[in-house]
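Since the structure comes first, as structure tokens, the remarks are kept for the end.
Chain IDs A, B, C, D, E and F follow the sequence of writing; residue 1 opens each chain.
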Amino acid sequence: MATVKLLSDQEAAAIPAVQAVFDDIRATRKTDFINNFWRALANDPANLKRVWETLKSVMTVEGGAIDPLTREMIYIAVSTANACQYCIQSHTAAARARGMTDAQHGELLTIIGLAAQTNHLALAMQVPSDPEFEVP
Amino acid sequence: MATVKLLSDQEAAAIPAVQAVFDDIRATRKTDFINNFWRALANDPANLKRVWETLKSVMTVEGGAIDPLTREMIYIAVSTANACQYCIQSHTAAARARGMTDAQHGELLTIIGLAAQTNHLALAMQVPSDPEFEVP
Amino acid sequence: MATVKLLSDQEAAAIPAVQAVFDDIRATRKTDFINNFWRALANDPANLKRVWETLKSVMTVEGGAIDPLTREMIYIAVSTANACQYCIQSHTAAARARGMTDAQHGELLTIIGLAAQTNHLALAMQVPSDPEFEVP
Amino acid sequence: MATVKLLSDQEAAAIPAVQAVFDDIRATRKTDFINNFWRALANDPANLKRVWETLKSVMTVEGGAIDPLTREMIYIAVSTANACQYCIQSHTAAARARGMTDAQHGELLTIIGLAAQTNHLALAMQVPSDPEFEVP
Amino acid sequence: MATVKLLSDQEAAAIPAVQAVFDDIRATRKTDFINNFWRALANDPANLKRVWETLKSVMTVEGGAIDPLTREMIYIAVSTANACQYCIQSHTAAARARGMTDAQHGELLTIIGLAAQTNHLALAMQVPSDPEFEVP
Amino acid sequence: MATVKLLSDQEAAAIPAVQAVFDDIRATRKTDFINNFWRALANDPANLKRVWETLKSVMTVEGGAIDPLTREMIYIAVSTANACQYCIQSHTAAARARGMTDAQHGELLTIIGLAAQTNHLALAMQVPSDPEFEVP
């Protein structure tokens, strides 16, 4: 049950600042589909624009130091630890669209689960830092 | 301030099940260094063995579907969202040891920050799932 | 899918300690509506009473140092970071009932998202404290 | 123990994109003090600029719908639930600088604690949404 | 909306490594019922086997230092703080199956809520460690 | 670095409402030691009283449905998942004071780690509820 209204295409068209972002999402992603996250965020056109522009530059840039599929897998990892159901679903779909295989998905889940396990063990034991980890 | 004792090499040597794991850590990692996480976990030899064997098979396996550096970056992502200071420090050191560049580290942090931002936005707006995300 | 039964008005009426709290909720809030949180908590009358009395004194007190709408916005912020869907929904409704405008809601979400982003960045970089932050 | 280097003023001066942000932080905040968060983030000048510009526009804007002190209190609430020690310290200092009284701080902490308590209760009981919370 | 397929009995039967785990789950738990967690995890037979064997040895072992019902209550506590809805539901059902009474459930929820409250208070106040807590 | 002052015995003595709680802590726990959590919370005498009275009634009550050591272990579990370092340290000390053996501590940590692992797996896979978990 959303806490804000989801803007329809007709409602978006009535707000030029929203329409401009929706146009750019469609052009950038080469699809007519606008997912619910943007329809919800469109209630605040300034934040819609800011978040979309950051996401576009971070997640769709060509020639970055981390390849696009890896970026999506990192996104899934954070979203899982933050228990964001919508984000897990949308970024798993995005990772598949970028070519994530079942084997890669399986390994990703295994690493996420293992990290969570050792995170909790290290916290519960309050393990002190090793000086060897110091940044040179 | 740790909640358990950290076992010294001498104390580990007195418990064969611990010594066997410490030997395997040294052989697998080709270093004499045993970091504090294992020295803390050594208070429970059965769990030490189980966690080490899982970590060894997940994080050091050759020829997996996800390359070793990417595995460490996913680990950092989960550890950050779980606020595990020790894990962030140890896996950042591990990622550097596997060749993570400053540019890759910068992009990793940017993606983690962005994911956290949209995770919180999607949660606060309680965005409903899009049917398009359904697994085929 | 709840892990406890939700008590109906009839079931509540059969337990005097529950009925007394339900009566007080209705009198304090000037409405007949008892939301599901209290119907679930009513399985443990002692905890129902304790939580309601704390919530009543913290959230509905007149003349506090923080105004009632701000209190609800803080509640939403915590509930989002804790990924409590029910709490996000109920306290967003409560904030609207106390007069939260769309502009305020938009700014609240923007701040929550930004805080989450910098929280994760500061954690991932393990930024050390500045002595300037020391309490005088 | 930071996972990145903290840039000194001299190191920042050698990178024009960093120097420009540091100059703007000093001008905006009317102080010579640059806290460690920005010195750490300066390792990635593009992200430094993006995060600073967002933070400046969200947290220091005049005439927003939420007053500046309330913004800092919301920031503290999110940072607490995300267990970001540095953020809790820096934004508590910022809130005090904006006039937060001891009474307001006390109420803020009380609300954060209460919200966390009911968040966990609602999650543990898996309380279902009330239709009354629906956005009109 | 799951991000992986849930394997039916027929699909599981076609993969010997999955069938072997499903057989062991049924034999260990003395029921024909396989819950959705295992049907989802079965997409990765190696992780299915690893997680099941750990869970079997940790949660169903006879004669451990912590009794089986207490183990399930600890599991509920962690799952609540991690906001894992499925886990809260499944382990509450498991705790009931192991004899958890309504009074025990009520006390468990009360402790979880109180711990969350003081966790957030201690974090927000950044309370320093007491030397008295040092492990001898 | 605390965000509030820690009240000394002398400062506490100057505020009757604080002194009364400190007296009750000492009488209830049969020790002169007041740990830093209460010295920090004492900045807000009303919340100090409320939290102490709840904690006293929940954690020290005789004849509850859950025994005192188990209560402390549940507290450690929640505190770990919430990454509250102070709480992990103080409640581990409390559990040891109530007789927690090394074997029990080891099993507790193992269960916490395993729960975290399956929490993250269930979240990442978005496993749907089983109707069998329904409360009768």
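One rule holds for everything that comes next: contacts are C-beta pairs under 8 Å (C-beta built on N, C-alpha and C of every residue); 3 or more make two chains touch, one makes a residue touch a chain.
Bear in mind the structure is a predicted one, so any value in this text is a computation, not a measurement.
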Both subunit B and subunit C are touched by which chains?
A, D, E, F
Note: among B-C, C-F or D-F, over half of the B-D contact pairs reappear in D-F
For subunit C paired with subunit E, centre-to-centre distance based on mean C-alpha positions, whole Å
27
So what's the Cα centroid distance for subunit D and subunit E, whole Å?
34
Taking the mean of the CA coordinates per chain, how far is subunit A from subunit B in Å?
21
For subunit E, residues that touch 2 or more chains besides their own
1-4, 51, 54, 78, 80-85, 88-89, 92, 106, 108-110, 112-121, 123-126, 129, 133
In the complex, subunit F touches subunit D at residues 1, 3-4, 43-44, 46-47, 51, 78, 82-84
Contact residues on subunit C for subunit D in the complex?
1-4, 6, 33, 35-37, 40-41, 51, 54-55, 58-59, 64-66, 70-71, 73-75, 77-87, 89-93, 101, 103-104, 106-108, 110-112, 114-130, 132-133
Touch list for subunit F against partner subunit A, complex
76, 80-81, 83, 85, 88-89, 92, 108-109, 112-121, 123-126
In their shared complex, subunit D is touched by residues of subunit A numbered 1-5, 50, 54, 129, 133-135
Subunit B contact footprint on subunit F (complex, rising order)
83, 88-89, 92, 102, 105-106, 109-110, 113, 116, 120
